[in-house]
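Would you mind keeping the following structure in view while I ask a few things?
When the chains are written out, they are named A, B and C in that same order, and each has its own residue count from 1.
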Amino acid sequence: MNFDVITSYIPLYTEAFFLTIRIGWTGIGLALFIGVFVAFAQHFRVPVLARIAGIYVELFRNTPLLCQLFFLYFGLPKIGITIPAETCGTLGLGLLGGSYMAEVFRSGLGSIPVTQEEGALALGLTRRQMFTYVVFPEALSLSVPGIVGNMIFLLKETSVFSAISLMDLMFTAKDLIGLYYNTTEALFLLVIFYIIMLLPVSVLGSILENKVKIRTYGA
Amino acid sequence: MDVDMRPILEVKNISKRYDDITVFENLNLQVKKGEVLVIVGPSGCGKSTLLRCLNALEPIQEGEIILDGEAIRPGSREVNKLREKVGMVFQSYDLFPHMTVLQNVMLAPIKVKKRDKKEVREEALALLDRVGLLSKKDQFPRQLSGGQKQRVAIVRALMMHPEVLLLDEITAALDPEMVQEVLEVVLSLAKEGRTMLIVTHEMQFARAVADRMIFIDGGHIVEEGTPEEFFEHPKTERLSSFLAKMRF
Amino acid sequence: MGFEVLLKGNNALRLLMGLGVALRISLISAVISIALGTVFGVLMTLKKPAITAFFRIYLETVRIMPQMVLLFIVYFGATKARGINLTAETAALIVFSFWGSAEMADLVRGALQGIPKIQYESSTSLGLSTMQTDRYVIGPQIIRRMIPLSINLITRMIKTTSLVMMIGIVEVLKVGQQIIEANRKVSPNAAFGIFLVIFLLYFAACWPISLLAKYLERKWEN
């Protein structure tokens, strides 16, 4: 391995890294928002909305992100909807992630025992208060492992962005391999930067999971 | 015991049905202020359902529930008032697992009654101290024993200053050695004149705590009386055979 | 809107065959993953420090490394840098099996450790031997838990296979691009129709499998 080559590549990767992170975390934010919204629609059986939510979840959970991105980025402009590549990436990740997050929240909400609701109602809490202070926070802590798992999954999925010509980490690596044949160095940096991006989330996730485990269960 | 004559809770001709099963029909009941009423009966006789109806956790099909002179129509906004004034403790404790002991008992007074946090906290600490759990205030339910959880659940209900407290088989899920610590708390509440409706299988405890006993079987009040009459001179065959089974 | 391109020549058939390539790669990888993963999962429950440490590193690698990165490492790293001549498809099979085996191993480990100790104790107290316990008591419970999860792994495998176009394998997305490219003049809007159809093709491939997994999960829940 040639360390001079590595040093000279670092700025390129750093730039790509920040682009990837930006799209990744904005997409995750969007995914959480969509996920909560969709899970509520389904949990409360909101007419029409619950139906649409169900179709959305099935569609996006059963298709690859790459395919969704191609449709958003190459397909939609043909009917007059042009979305810039970065927005496409964020939107695609958000839509894909939303369907996964929705499932996590929904099963969290569904696994709160009825006796918990009754306990809250018996204290005089209204249904709204019961949901806000008891059911939702409990469901949220039950959902933590799933949310973290999905975050890692979504950050990994960012690796397909180069397909819609976003200059992310994969794009940079591919470019350098193609241009200069410094394959080993290019791949080495690729791995390092993905470790920097994902290892902290993975470790933090494990810590958080253990913490939540103590608080939940067995009341 | 300070029992005045005014009924705080009155149940008039209520009926409860699930589809084609009738749990009880035309049931009447009066509870006076400060009275401790213990309800016993075989499993499935409808005694727990009755308590749940009194807290509007189950809708009733006929009749009315009058609390402190006010009729409560099921499904109306008054239902929340009913729940505020009627506290309930369940067999399965049902503490909120994501909150500490202190948060559990402070939630309802702050959110429902909008009371001052500091004042609620002081009251909560005093009550926890009274049931011997002050040192556990910052622990999560998971870290407590069953008996401790149930004592917290009682404090949680008391924090709402209920006019009537409903206790639904609160010792049924506990290990035998923990039953006593919970029953002692209930006995001390009875001494200070709390109005309580208690469903239990602990006959000795029932006898010690009750002002009046009710025996329900097949959805009807079969017999009622003072603990003395009830245990020593049961009038009906059904009650004496039930008591015989409970005593072994 | 570009749907007309599909009716031209054998375009529709070519797309389906492209999907066939993706499905073939995912099914082979899934079978390898399920087999290897089951063995790995059992090994992980043995509580031998060396084995545990090895699998922790293996699983964590798979957990945080995108499959795309692994594909690049195997395909470009091995083929171009080391001079080993791997076809893109072999590289894909290696990567997806490497990834899938880890996922499967973790599921098997979870299922094995999720069996309450009392199940073992009560069968032992009935006089069953260890082998009989595994064969009649533990095994069937594990299989019921694992089948829906393994089926889910297959859908994930199918979705992940879409990545192989990035190392030059001609699967459904690549075929789609080729068709769009070839008809750029006559049907400039083909991208909309073609990519929508591919989206739906993937859905048609994965959805029934997901439904089956969900059905079995519910049926065996108790």
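Heads up, the rule we're going with is that contacts are C-beta pairs under 8 Å (C-beta built on N, C-alpha and C of every residue); 3 or more make two chains touch, one makes a residue touch a chain.
In this text the structure is predicted, and so the values were computed from the model without any measurement.
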Touch-connected components when subunit A is not counted: B | C
item: Core chain by centroid distance, with centroids computed from Cα atoms only; value: A
item: Chain whose average C-alpha position is farthest from subunit B's own; value: C
item: Distance from subunit B to subunit A - Cα centre to Cα centre, in angstrom; value: 47
item: Rounded Å distance between subunit B and subunit C, as computed from the means of their C-alpha atoms; value: 55
item: Inter-chain centre distance, subunit A versus subunit C - centres from mean C-alpha coordinates, in Å; value: 20
item: Subunit C partner contacts - residues on subunit A that touch it in the complex; value: 58-59, 61-68, 70-71, 74-79, 152, 156-160, 162-163, 170, 173-174, 177, 181, 183-184, 187, 190-191, 194-195, 198-199, 202
item: In the complex with subunit A, residue positions of subunit B that touch it; value: 55-57, 80, 83-84, 86-88, 90, 92-98, 107-108, 111-113, 140-142, 149, 153, 156-157, 160
item: Subunit B-facing residues of subunit A, complex; value: 115-116, 118-126, 129, 133-134, 137-138, 141, 214-219
item: Subunit C residues touching subunit A - in the complex, by the definition given at the top; value: 1-2, 60, 63-69, 72-73, 76-77, 80-81, 155, 158-163, 165-166, 173, 176, 180, 188-196, 198-199, 202-203, 206-207, 210
